[in-house]
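Multiple structures follow.
In what comes next, chain A is part of two complexes: it sits with chain B in the first one and with chain C in the second one.
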Partner chain A sequence: MKALSQKRRHPFAGVALLLLGLLITGGLYSAATTINEAQASENADAYSDPDNIEEGERLFVANCATCHGINAEGTDAGPSLIGVGAASVDFQVGTGRMPMQMQGPQAQQKPAQFNDEQTMQLAAYVASLGAGPAVPDDEYLDVDQGDPARGGELFRINCAMCHNAAAAGGALTEGKYAPSLHGVEPRHVYAAMTTGPQNMPVFSDANLVPEDKRDIIAFLQTYESQGTPGGFSLGFLGPVSEGLFIWTGGLALLIASMVWLTSRSS
Partner chain B sequence: MGEHGNGDPKDSGAVIKAGEGESGKYAIDNPGLPPHRPRLADESEKVAKGAERVVSVLFLLSIIGTVVFFVGYFAIGQTEGDLQLLRVQNTLLGVGVAFAMLGIGLGVVHWAKTLMPDHEMVEDRKPLRKETEREEAETIINDVLDESQIKRRPLLRNTMIGAALLAPLPFIVTLRDLDRSEDFGVERMRHSMWDEGVHLVRDPSGTRIRASDLTVGTAMHVIPENLRTISSHGERLSEKAKAVTLVMRMNPEDIETVSEGRENWSHDGIIACSKVCTHVGCPVALYERHTHHLLCPCHQSTFDAANEFKVVFGPAGRPLPQLPITVDEEGYLIARSDFTEPVGPTYWERGNTDPEGDYAS
Partner chain C sequence: MSATKEKYTEEQYLEVDQYQPKTGGGRIANYVDTRVGGTSIVREFGRKVFPDHWTFMFGEVALYSFVILILSGTFLTFWFDPSMATTRYSGSYAPLQGLEMSTAYATALELSFDVRGGLFMRQLHHWAALLFVAAMSIHMLRVFFTGAFRKPRELNWVVGASLLILGLGAGFTGYSLPDEVLSGNGLRIIDGMLKALPVVGTYISFFLFGGEFPGSEVIPRLYVMHIMVLPAMILLLIAIHLFLVVTHKHTQYPGPGRTERNVVGYPVGPVYAAKAGGFFFIVFGILALISGTFQINALWNYGPYDPSPVQAGAQPDWYIGPFEGVLRLMPGYLGDFSLEWVIPTPWGGNSLAMPVLIPMIPVALIFLGMFVWPWIESWITKDTKERHLLDRPRNAPTRTAFGVAIVTNYMIMWGMGSNDLIATHFQLSLNDITYWSRVLFFLGPVIAYILTKRICLSLQRKDRETALHGDEAGVIQVSADGGFSEKHRRLDDYELWTLVSYDSPEPTPAQPNAKGKITLLEKFRARLNRAFYEDRVAPVSREEYLEALEHDHHEPEELPASGVGAIESRDH
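Up next, the complex of A and B:
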């Protein structure tokens, strides 16, 4: 200790300290990135692991093949799944839309029927059938890196016409509808954009690059966290619910005050 | 509420029979006013005091409402992006003003109903004008006509009419010249920024689009590349409003109808159409990739993209105008020409440009 305190006034002491600091930070950083990369590649590996694919095939044959065909080639009751990619399975099964409860205008969201591991195995099997959109990297789901303002602009141009300016969803033709995006997990929002489930158009990476998608997800998260500064949202449905409210509540109030105005005091 | 039941068990004062009184057998006499019934507050000073208290409480409520408004306005002040605080402020402002107004309104009405005198009054209709007054007015007008000699001197009359007709014209002309663009008026609605060779670019980034960027099922919102050459913001918005276009790609075999002259309007299943609804001009962009339906959110007009955007449901009168597109030698999507008909809803000067004449304009 004594030697150290003697040398701390040495002209090169500052430089040495700086070097030491840089080395430690750099070392920690590179270690952290390696761990991250290891995790990411582990994630990608899981989808190409032959065991998972085999397990997924068993699940598929037992639960999905009735409609999608024994080799996922598609039947009259369901489309072919060759080339739809892991992201599609992750979205459809992860949000409970598949297996479908019944045939109808469109598959509805319900509690998921498979756990995360089974979903991953199914996705691995379907991804092994043909190239398709993969499950997004965690990097593009990190909303802290996204720009909500830019995401809002992209959302209003590309998404708001169906999903409503407040992401509350809306009706389409013949019983189909665009679902509400409130409370949807970022990975599912991302997968919906890359795969275009049901009648939703595809927003491929050539249309909205992954950073754009991250911005949109960041916008959705920010929007949800803000609440409703303008008062009651009434379901964010705009003139429909507001009109209903004012035509029933408002008119009833007007009629009541009219009756009160013209009644005689006792 | 009603005025029934004013009679007592022996004599129902409200019931009148025909043939009584002066007006003959079937007519009914003027029944007059129902008997005056004093209110509780007229008879009991205690009730009147209570009514007074209610009214003053309502006025007090109004005072509190105004104070609440100012608390929201000044005490909270500028919220600087804090949305929770903004919500509290909005609530205080709204509730404050509502109670400030309602308190006065309810108080005044309650005051009038309970405390102010409520005796019935009859105000007779004023007598009709007499014939003599009518003649008097007529003579005055005739005198004016005679004295001004307008009948004898038609030159005076005609020049006066001419002057009165021409005088408002300067105002109309200056109004017209508020729009100083070259192609004035409705003719501007006939053309958009699209033209031969204009690149389709993404909205809002303005990047060009390769045909290979669009996978089957993709829908993309595009604007003409030359839109950004307009420097005036307002002008750019009006041009954008006419030029907004939706590009989508479907399986080429899914396209069912290609009428004569439109064979080269699409590129390998990529088709483009105006986003402005032909009904009243809402943006039609709700695209369903499997049914190829485009839905307008305002009045549910539905267009079929596989059949040249013809109307399959709803009030729209014409198909959406299709934008003829192709690719340049680098593979970027470009327009072949402008829309071949005016986009958007029908207007008087538009003319019927529908080739089959199915839809009256």
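Up next, the complex of A and C:
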């Protein structure tokens, strides 16, 4: 890092940066297209199985086509799903957000409507419509290989402004919100980063490489497994719930003792 | 004060010197007493009488919280190092290991995870701080709504208001010390407010932070304020506050046997000393229970301070909430009209950040109003008497209504400080909450004023009714001719006294001054005075009460319609 900061004023720094930028952009573009192919081939067994795709299409027509269109081309009620990838379906359907219960500011999480196999079949069908982010490899979900401290730093820089420092969730505009991440499965966290569901931005592999994503997941898992060292968490909401507690619970205890102290013994 | 001023003879003085206690304990006690003068101290303070009422104990809670703050804070200073020097964390909290952070944050983490009992003491310190300010606030509201700030206690009210401000300062400086992202965000807001001040803002900010924010100076400076300057000032003012309480003697609620010239209650020694001493341990116990079971300021979540991230749910401690809320409430634009003005100057332009400056006005006005209220009220009411008997809030309807209006205004600003959490937890739109709060900011106090005043007057009327006709006994009688009536239970004299013995002054018109001229200011005062007193429910007079007693003997005659003639209006 030191060498970099010393050389950043070099006359050719700008040129070098431009070249670097072009190289990265071009490289990523070609990489992205091949990665999808590569991942598609890795998961070939399940996600490219024609039987699964066919079964997925049947499920899609029966459950999703009303809003997303009979060929997933999208309608006024729902966006096109061509090119959203298997990860998107795995996240939206796997967390119960889709099929949507009702139109609102944001799709609510609810118990999943489809089992794992049906979700996979739906994902396989949607993935067959056009290239998109694939379901993450197990390698990137293995939190033992992640670095929670680094993940924590990435989380605070990239995620905490919406999801709260303790991943307890937070408000967005006009009724939208960033949900709590407590108890969310690693693959769904990963898929959310690659697909950017609802109002969430996409954290592509150019932004956070798969290892970074794994670090973030490792941080979330470590954070959750350690519990709350100081006692009940009061919802992980910081000073507001603490203030509310002292004004309600704390004062109730005190006032009860005051009334007791000043009451006559008779 | 009650000690009699007798003249002692020379022999009597010598007798004291020659007194020989018989027991070992007695000898020790006598040794100390002859050197410290304990007898006269106990005689002076031990006989102070304190009235018993639970609402009188909030001040005590604040005092005890402060003692706990000093005890726990001293413990924290043994480990906390308020340095902004960079270090690499190597403590036992895994998710932060290997990260660069300031020494302040690293030692705060060390206190939390690697010092035995450190986390408990940190939590105790923080919970005690929240309670300290909460107790002061409620104490202050009690004093306000019962009129205990009136003559001769105006100056003590100012001491109390200063204590509240110092409490806010002590709390905020403490909140900023651990140097994590949350407290850094708080300091950034302070920095923004300072920089919003025209012309001098930037200089003040650079002066405070020792350069551009965040600099490397501010934490040590805040630390000195937090552990030395502010506690010393608080301690001094507490001493003055308590000294004045002893001088004035305690106020008391109206009741039989209680007058402006006495205090009915228990003496300090032994009853109150035991009660108050015991209460200290109750407060300590409750705070310890909370600190042991409820996590507060989990600073390991926030990460080392870095000026770039702001986290969702970033709020100050509750007592700074209104400041945060009013900033969230303030629009940056009115329609297309930007509230940020640039004053053209020869050297470019000076930016006036009105969206930051304007919101400070209402908060500043509330705090300023708090300081001067005793004089405003006595100027309006022309009340120059000493007041040791408290008002029941309903018996001062205008003051109560005004107080509730201000509290409502404060609460709206306070609530807006957590508008994001209100949005997520009540499934509302953040934008709608903000828009409605902007309306309620102006409308809420007005509604609160009208409602409170009506409620107070109604309660007074109810008191009047009860005084004249007694409580409904719940016994229904059927008369010989088939009429139904309910028996009323007359109040006993003690109950009656509390309901009828209050002042209800009539408005005083504008008075000419020495030159015989009615000034504009005096006219204004008279208008305020009329607003203060024109709606009034007169206390039951002796004649009215005797007349009501007469009625009792003529039962089952019809009772007079309730409340009629009870309100005197200005065109009476």
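By definition in this document, the second predicted complex is superposed on the first by the 205 of 266 C-alpha atoms of A that agree within 3 Å, B and C clash if a C-alpha of one lies under 4 Å from a C-alpha of the other, contacts with A are read in each partner's own complex, and residues count from 1 in each chain.
Operating definition for what follows: a residue touches a chain if its C-beta (ideal position, glycine included) is under 8 Å from a C-beta of that chain, and two chains touch if they have at least 3 such contacts.
Here the structure is a predicted model, which is why all the values come from computation and not from measurement.
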First (chain B), second (chain C), both or neither touched by A:Ala62: neither
Which of chain B and chain C A:Gly152 touches, first, second, both or neither: second
Partner chain in contact with A:Gly175 - chain B first, chain C second, else both or neither: second
Which of chain B and chain C A:Gly231 touches, first, second, both or neither: both
Partner chain(s) touched by A:Asn207 [first = chain B, second = chain C, both, neither]: first
Partner chain in contact with A:Asn199 - chain B first, chain C second, else both or neither: first
Partner chain in contact with A:Met102 - chain B first, chain C second, else both or neither: neither
Broader residue contact with chain A after superposition on the shared chain, chain B or chain C: C
Which superposed partner A:Trp247 touches (first chain B, second chain C, both, neither): second
Footprint overlap on chain A, where chain B in one structure and chain C in the other make contact: 153, 157, 161-162, 170, 172-174, 178, 226, 228-231, 259, 261-262
Chain B - residues contacting chain A, complex: 1, 39-41, 83-84, 86-87, 90-91, 94, 109, 113-114, 118, 202-204, 210, 212-221, 248, 283, 285-291, 293, 295, 297, 300, 302, 313
Chain A to chain C touching residues, read off their complex: 105, 148-149, 151-153, 156-157, 160-166, 168-175, 177-178, 219, 222-223, 226, 228-234, 236-247, 249-251, 253-255, 257-259, 261-262
List of chain C residues in touch with chain A within their complex: 52-54, 56-57, 61, 94-99, 112-113, 119, 123, 126-127, 130-131, 134-135, 138, 181-182, 275, 278-279, 282-283, 286-287, 289-290, 292-298, 300-303, 306, 308-319, 321, 417-421, 423-424, 427-432
Contacting residues of chain A [partner chain B, same complex]: 153-154, 157-158, 161-162, 170, 172-174, 176, 178, 196, 198-204, 206-207, 226-231, 259-266
